Amino acid sequence: MDTIAIPAINLAVIAPEVVLSVVAMALLLINVFVKSEQKGYLGYLSIAGILGTLLMLIPAWGSSVEGFSGTIIQDNFAIFFKVIFLISAAMSILITDKYLEREGCNQGEIYPLILFATVGMMLMASGTDLMTIFLGLEVLSVSLYVLAGFNRNNIKSNEAGLKYFLLGAFSTGFLLYGMALTYGATGTTKIAKIASYIAMNGVSSSNLMLVAGMILMSTGFAFKVAAAPFHMWTPDVYEGAPTPMTAFMSVGPKAAGFAAFARVLLVALPALKPEWSSLLWVLAVLTMTVGNITALYQQNIKRMLAYSSIAHAGYILVGFTAGNAVGTAGILFYMLSYAFMNIGAFAIIILVGKKGEENSNVSDYAGFGYRHPVLGIAFCIFLFSLAGIPPAAGFIGKFYLFSGAIQAGYIWLAVIGVLNSAASVYYYLRVMVFMYFKEPTEDFEWVKLTPAFVLCLLIAVIGVLVPGVLPGLFLELAQKAVLM
Amino acid sequence: MLDNVWLIPLFPLIGFLINGLFGKKIKNEAVIGGIGTLMIFLSFLVSCGILMQLVGMPPEQRVFEKVMFPWIHAGSFKADMAFLVDPLSAVMLMVVTGVGSLIHLYSIGYMHGEEGFYRFFAYLNLFCMSMLLLVLGANMLVMFIGWEGVGLCSYLLIGYYFEKKSAGDAAKKAFVMNRVGDFGFLLGLFVLFWWFGSNHNIWTINFVEIKAASHLLPYGGVVTLATLCFFVGATGKSAQIPLFTWLPDAMEGPTPVSALIHAATMVTAGVYMIARMSFVFIKAPETMMVVAVVGALTAIFAATIGTAQNDIKRVLAYSTVSQLGFMFLAMGVGAFGAGIFHLMTHAFFKACLFLGSGSVIHAMHHALHKGHLHDDAQDMRNMGGLRKALPITFITFLVSTIAIAGIPGFSGFFSKDEILWQAFANPYHGSLNILLWGIGCIAACFTAFYMFRLVFMTFFGECRINPKVKEYLHESPLVITIPLMVLGFLAFVGGFIGMPKLLGMLPNYFEHWLDPVFELANEYGKQYAHSGAHHSHALEFGLMAFSVVVALIGISIAYTMYMANKSLPEKFTSAFPGLYKVVYNKWYVDEIYDFLFVNPCKSFGNLLWKGFDVVIVDGVVNGTAKLVMAFSAGLKGLQSGYVHNYAMGMAIGVVTIIAVYVFR
Amino acid sequence: MNEVILSLMTFLPLLGVFILLFIPSNNHGLLRGFTLLVTVLTFLVSIPLVTGFVTNADYQFLLNIPWIKAGPFKMNYNVGIDGISLWLVMLTTFIMPIAILSTWKAVDQRVKGYMACLLLLEVGMLGAFVSLDLFLFYIFWEVMLIPMYFIIGIWGGKNRIYAAVKFFIYTMVGSLLMLVAIIALYFKGMSAGVTDFSILNFFGLNLDPVTQTWMFLAFALAFAIKVPMFPLHTWLPDAHTEAPTAGSVILAAVLLKMGTYGYVRFAMPLFPNALERFTPLIATLAVVGIIYASLVAMVQEDVKKLVAYSSVAHLGFVMIGLFSLNQMGVQGGMLQMLNHGVSTGALFLIVGFIYERRHTRLITDFGGLSKQMPIFATIFMIVTFSSIGLPGTNGFVGEFLVLLGGFESKLRWYTVVASSGVILSAVYMLWMFQRVMFGKLDNPKNQNLKDLDAREIAIMLPLIFMIFFMGLYPKPFIDKMAPAIDKVIQQSRIRPAVAATIPVQPSMQMAPQSVKPAGNPAVPEGHPAVPAGKPAGHP
Amino acid sequence: MVSLNFYLVLSAILFAIGTIGVLTRRNAIVIFMCVELMLNAVNLTFIAFSKYLGNLDGQIFVFFVMTVAAAEAAVGLALMIAYFKNRESIDVEDMNLMKW
Amino acid sequence: METLFFLIVAAIAVICSLMVVTNKNPINSALSLIMTFFCLATLYVMLEAPFMAAIQVIVYAGAIMVLIVFVIMLLNIKSEAGRRTSHALFMGISVGLLLLVQTWYLLVKSSLSSVRGTVDSAMISKVGHTELIGKSLFTDFLLPFEITSILLLVAIVGAVVLSKKKL
């Protein structure tokens, strides 16, 4: 019997994932010894872990290293996304502690779970094999099912978790079927090999199996990024999940979904570009429109932001449809700024909320801007950024996304996009209408404004304004991280 | 002196600024009135100096342009703030400043004790400044400043008693009607500017330059268009058909205002403008005809209304409209000199008449006030027999009335006769001339009738004022009567400078004076005039005599009806009740205008606002928003909260997408 | 030194905002005083722009700093002014202190935020006028929206929320479409060798007519909403009516100019073929707007709404002037923009004065105020007549040149119809004036009204001065603008179609100048407003 | 030798049945079982392809799918238990606290 | 012969899976599912994947299904109270059938990869399926294999968090 020749294990490629996983496991252990009211420290430890991971990523920038027989790669694209994941995880952790305390479900496991989810996302971003991507996605999903249902005494949280689980599992079925068909059509699950097989054998859109594989995989990813018509879980889950987790879910997994989506379509299936770009075109239009239009009617601010996040997925799909360097850079930049603005907004929502997810109606914000002027201004900055109004980062991101579409000739898509953007202004403004144009009706109860919150908000504001005013550096990075 | 022409408008401006800014603080009426009067009098002196200087120059050199500063230079368009002095503007300067000074003086007495005394003098000065700008403007645009400026002052002065609604209405009406005219003026300017510019690359609106280039203008065609536009402007300013209705209403202003603005100066601006551009107008025979016809029609039309009015100032107002019609008739038949001559004599006698009526009203008002009565101080039916109480007023009034009626020897005779003669004799409109002449004669007859009707009702017969207050009636103070006397004197002798050559006693100084101005126009006129129909002196004499007869007929009818047989008017009105009513109500012109323009505009505006703007335009906007919201409500309904519905959505999505790609 | 003036001026108010944040919010006096100081300083800083401006067609006080460079895009912080923007900048800095003073007392709630908003607004407006980079322009264009939204929404009247949201979304729709066009234009330019967003790059592009059409429509829509042109005007009456006085003043005086400025600076010179094609449409809308707005203004019951509709009519004149595309018309349009800024701004101040006193704007609530408030009456009257366009006041010069220019151009018949707006403006303004100021003072609430105080008079005096100065001596304005306008006109004319084989000669674009008939004393040198082919098209 | 298509069609049938089950059943556990059925259908496809293509990647994939199924089962059932504790039901028709 | 055997197994698999969907009682559904899994295991053997067949039985039919049955018992779930509305049933079934038709169609219409790997029946019988799988798992697919460890850890932690007694 031969010995198994284990290939050279290039640990450097997965170093960030390893570090993060180790930290998470360590936390699991430490958790056992930490008293309930001190679980917050776990949060700080996990942030330390995240920072360490970030530090590991920095020297890796600029190189592109494959490892593990081509199942994973560490390139600029992956690194950029990993930074987004880490930032969103860190910011979410900053706002988790006090929330859990208020809701009375202060369990330390949440931090390792967040970290594991982050590991899953990172695997999705750097996986170059359908299996890696699939497993990364499942690590992420399983963590998220738990995180969504984390507040297990709260029926809404239960329901959110269960709904997310059932629909997630259902969509996994389609994703897998798609992967199977792709495997059948090309004989491999490695992304690079798929591409080279197609290039060599001239498989094209006439091969229905490949097209079907592409479609079914797309639906799986579309579910993850909440693109219509696979978006329907989003509002319910976002509304029910604990708010910090909603913040996390609306940014990180979405970015991860796009990362994997982009790698599969752009690297593995560039030959099918006419097919998938027309599919994405329709999805983008549907997603933007459904998200924005439905958001107009929402009273619950969390739900409103859920729909808004659907709409944002639509904008990103616009850049994706373009499939060119500008559009892809736009996706990267937009996801980064979206992390800051969306988590910032959710941080404020947590501050305003009361136990049991009360006080999360838009009308509860009457006069908020006067009671807490600084928070009010911060909230406005986030909302303006979400609405895509300069000089916030959201504008530059949208600018790039739409530019990509225009460069690729999808002018009508860009037009639909900006019209949607204009419609979206209404519901963002509506929050401001309550914040500033109406008199306060009641006092705002507080989760005390802890240093962690201040830090989170500060990061968010800086993260929205600096790339908004001086986007050059960030755009350059995004440009370098583009897959092509 | 000529170089200092800018002083002329400057003095009234200074007066305006002093009185306008500090008048309220000064409080002393003598000082305020003194400043106002002094300023315009200084202008008068400068004008005299300029006139002297002009007289001393050879006739062909009597044109002087003074550029003050560049105003609007944009692209090829160039308009400087510049003044033009020539014989025509010199005449106007004398009239404006001369009559103006007198009326300022008069106002000191007349406006005594009024609340806004300083305001009145400020406006009056401002008006004089604007009028002088109008007269002196070396290009159409400077003229237009004055043109609108006088409209503004007229607005301010008519609305002087702003607490009275009728005053406010009248002011607004005056301004808006003037604006309609201004619209025409501007269009005329545009057409002329455009034509010269695009055809001959002469981009100018300067009178002298246009005159120099006027030989390039064709006859008719575009010139007709331009001149018709200008004429619209003139009808607005000079209250001709169809824009005359504001002038009678303008009597809401204080009487000196009526005298200065609505009789002597501003309303003649249209006439002046046509004279100023005679070399353009004469190239448009059609326009000339229109001018003549409108003038003649206005003359008779207003005269008919004048016969039925009871308000002393209203009669004079219609008389003014009618006399302006005569001037336009003169312009229309190419008798520019005659028109300007009539303008001048009319300024004298009509100012005198208005001031006289003011004196009467002043006295009446004073008396009624003393007796605590609220009868109408302007209604002639309350007057009668005032000649005893107001002797000076009566005499000057009578002199002016005779002048306007056209009795030989008085100024009005010379000028009006000249117009009628030229209407008859000038060769421009062929046989239409006879008709114009005929209408003129009838109008003259009416003029004599209603003016004497006025005199008889006011000054003769027994006094119909409430006997209680009879004792309070007495003659006005000297500040009022001195201007009356001066103007009365001028109304008497002013005509001699323009005595027709025919009568031979004096050379027609006036016509010679204006000759250089109208020479070119007459030259052009000959090009299309029906070949020199030369009329004999005998014919001229005959017509002159005829016009005198006509006037006398008018006077005698008036005498019969209002002195000899006082029941006649009653009988007349009851015999023709309809006619009387129509005439008394000014042919319902105001009502027709309301019906045709004012009300439709308002209701159309309301319709546009409440119907179109709010319902349709805004409705589309809000409707889009509502539609989106309804759509939103619908989409929201899909989000049922049931897992299987969501799963179904996903499945349908997958199936549809595959279907599209697989079965395409 | 010259390079930094514009940036200093633009960002001085922003600095002011930061300092403002550290002033205690209950010290209203200090807040107001400081803001006033900042705006006055800004004005002072902007004065060297006029004195140092060299009268030619070039952009001056240029400053060009690389800003963003990523992917195919290169945006610069590129600022500078020419004769066209010079006066609009001056108008902005001039009107701001006045606006601050106008609500000195009327706004007594949340003063800090209010002042901050006003200063931010100034940053946006100045930035938009001085930007020479399309992207930078767009940023400032949007930045203006936010403070204005809050000014209307927080310190506005009863219906303020509706008005604020409508204002915001309306403007947003247009400007976003413009953004699409900007991007598309950039990509079109890239294929022709354009490397950054500087507008100078784009003037020479020979775009194909179809592209031009779409882009022009997008730009035109954005600007038309801002102008606002019929039928996109309905946000204006609402916004004006609900905004506090300062908001209305700034909105009328400066913000609306953004639209017309956009046409002159961008929409017209960038897309000459499309301009040619759409001139009839826009002229029609402008004329309809004039007549329509005048008629609607005539029947308004609310003074502020009336003035708002009058703005629509006035800006219709501006549009006619700009689209007549000759020196007179464009010059008139530009002047009319400045005039409208001064006189309509003043009108809103006036409305503000009586609103502060009586807290109503209904015409029927007034009447006979002349008696009680003579100074007010005088000022009101002057401003009214300026708005009507009485010769000697500023309104006349602009209106006259617009109509003259329009008449000399292809828009002759439009102009003739538009001229009737001159009559209508007199009708509605005077009717309003009469109902407010004339008549008997019979409403008991009006009987104790106080006349204007020193502050209010001080606000109005500079405006009154400008009314007469610009009316009687517009030369400095016209002279400084003329070369820049010439340039715009040349750029906006259709370039001669050059066959593919013949390279485009730079001199071809100067064609109108070289064809100018020689030896013509009547045409001033340097004003080649005589179009080459003009006589052919006329009788 | 059974043709590849037989396997593929069979897996398609199973996949469709699983989908129908997800769409029509109300019990969360049964829905989950239907999902498992779908996954198994995919597994069959993978293995059939693997055999046909002559490489083992497909089978490895199946290996991972099973792991995933196990993990999902653990978490999913835990979620159902938690939900059941609060709601005394795992009927999906009762799960509509959040909607619209 | 082989085809016939396949058809019989396939028929049983389809019938059992139909019973999963149609049975009212969750326990019956679970048992039907187990039956289906066994059928699939049989097919895996036919496809020369005995190792997969083994873990299919051990992991799926053994571990996972036991867990499910256990939970069903724990929650004491009775049969479903009532069917979905016929409308929903119709929709569900038709969408499912449509999906089937489409997949069928595209499977028939499309071509597989033309590149064949090295693993054939001969190799499998020579080296042994388990060894081949093992080699592959620990060389080429080492990383995914490691990831499964994290996945399972997450699942455990999650299950504990959601259902442990003390909070």
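Letters are used for the chains, namely A, B, C, D and E, taken in the order the chains are written, and counting of residues starts over at 1 for each.
Rule of thumb we're sticking to: contacts are C-beta pairs under 8 Å (C-beta built on N, C-alpha and C of every residue); 3 or more make two chains touch, one makes a residue touch a chain.
Bear in mind the structure is a predicted one, so any value in this text is a computation, not a measurement.
Listed by label, the chains touching chain C and chain D alike are A, B. Greatest Cα centroid separation from chain B: this falls to E. At the far end from chain C, in terms of centres built from Cα atoms, lies E. Between chain B and chain E the centroid-to-centroid distance comes to 103 Å (mean Cα coordinates, whole Å). Centroids of chain B and chain C (each the mean of its C-alpha atoms) stand 37 Å apart.
Our note on geometry: chain A versus chain E, Cα centroid distance of 30 Å, whole angstroms.
Chain A and chain B, compared by their mean Cα positions, are separated by 79 Å. Counting partners per residue, chain A has 131, 135, 138, 142, 145-146, 149, 152-153, 161, 163, 166, 170, 184, 187-188, 208, 211-212, 235-236, 297, 423, 426 as the residues that reach two or more other chains. For chain B, residues that reach two or more other chains under the stated contact definition are 636, 639, 641, 643-644, 647-648, 651-652, 654, 658, 662. Residues of chain C in contact with at least two other chains: none. The complete set of chain-chain contacts reads A-B, A-C, A-D, A-E, B-C, B-D, B-E, D-E.
Note for the complex: chain A touches chain C at residues 325-326, 329, 370, 373, 384, 389-391, 395, 399-400, 402-403, 406-407, 411, 414-415, 418-419, 421-423, 425-426, 429-430, 432-433, 436-437, 470-472, 475-476, 478-479.
Of all residues in chain B, only 644, 648, 651-652, 654-655, 658-659, 662-663 touch chain E in the complex they form.
Chain contact summary for the complex, chain C toward chain A: residues 67-73, 110, 113, 138-139, 142-143, 145-146, 149-150, 153-154, 160-161, 164-165, 168-169, 172-173, 176-177, 179-180, 183-184, 186-187, 214. The residues of chain B lying in touch with chain A in their complex are 625, 628-629, 631-633, 635-636, 638-639, 641, 643, 645-647, 649-650, 652-654, 657-658, 661-662. Considering their complex, residues 163, 166-167, 170-171, 174, 208, 211-212, 215-216, 218-219, 223, 228-230, 232-233, 235-236, 275, 279, 290, 293-298, 423, 426 of chain A touch chain B.
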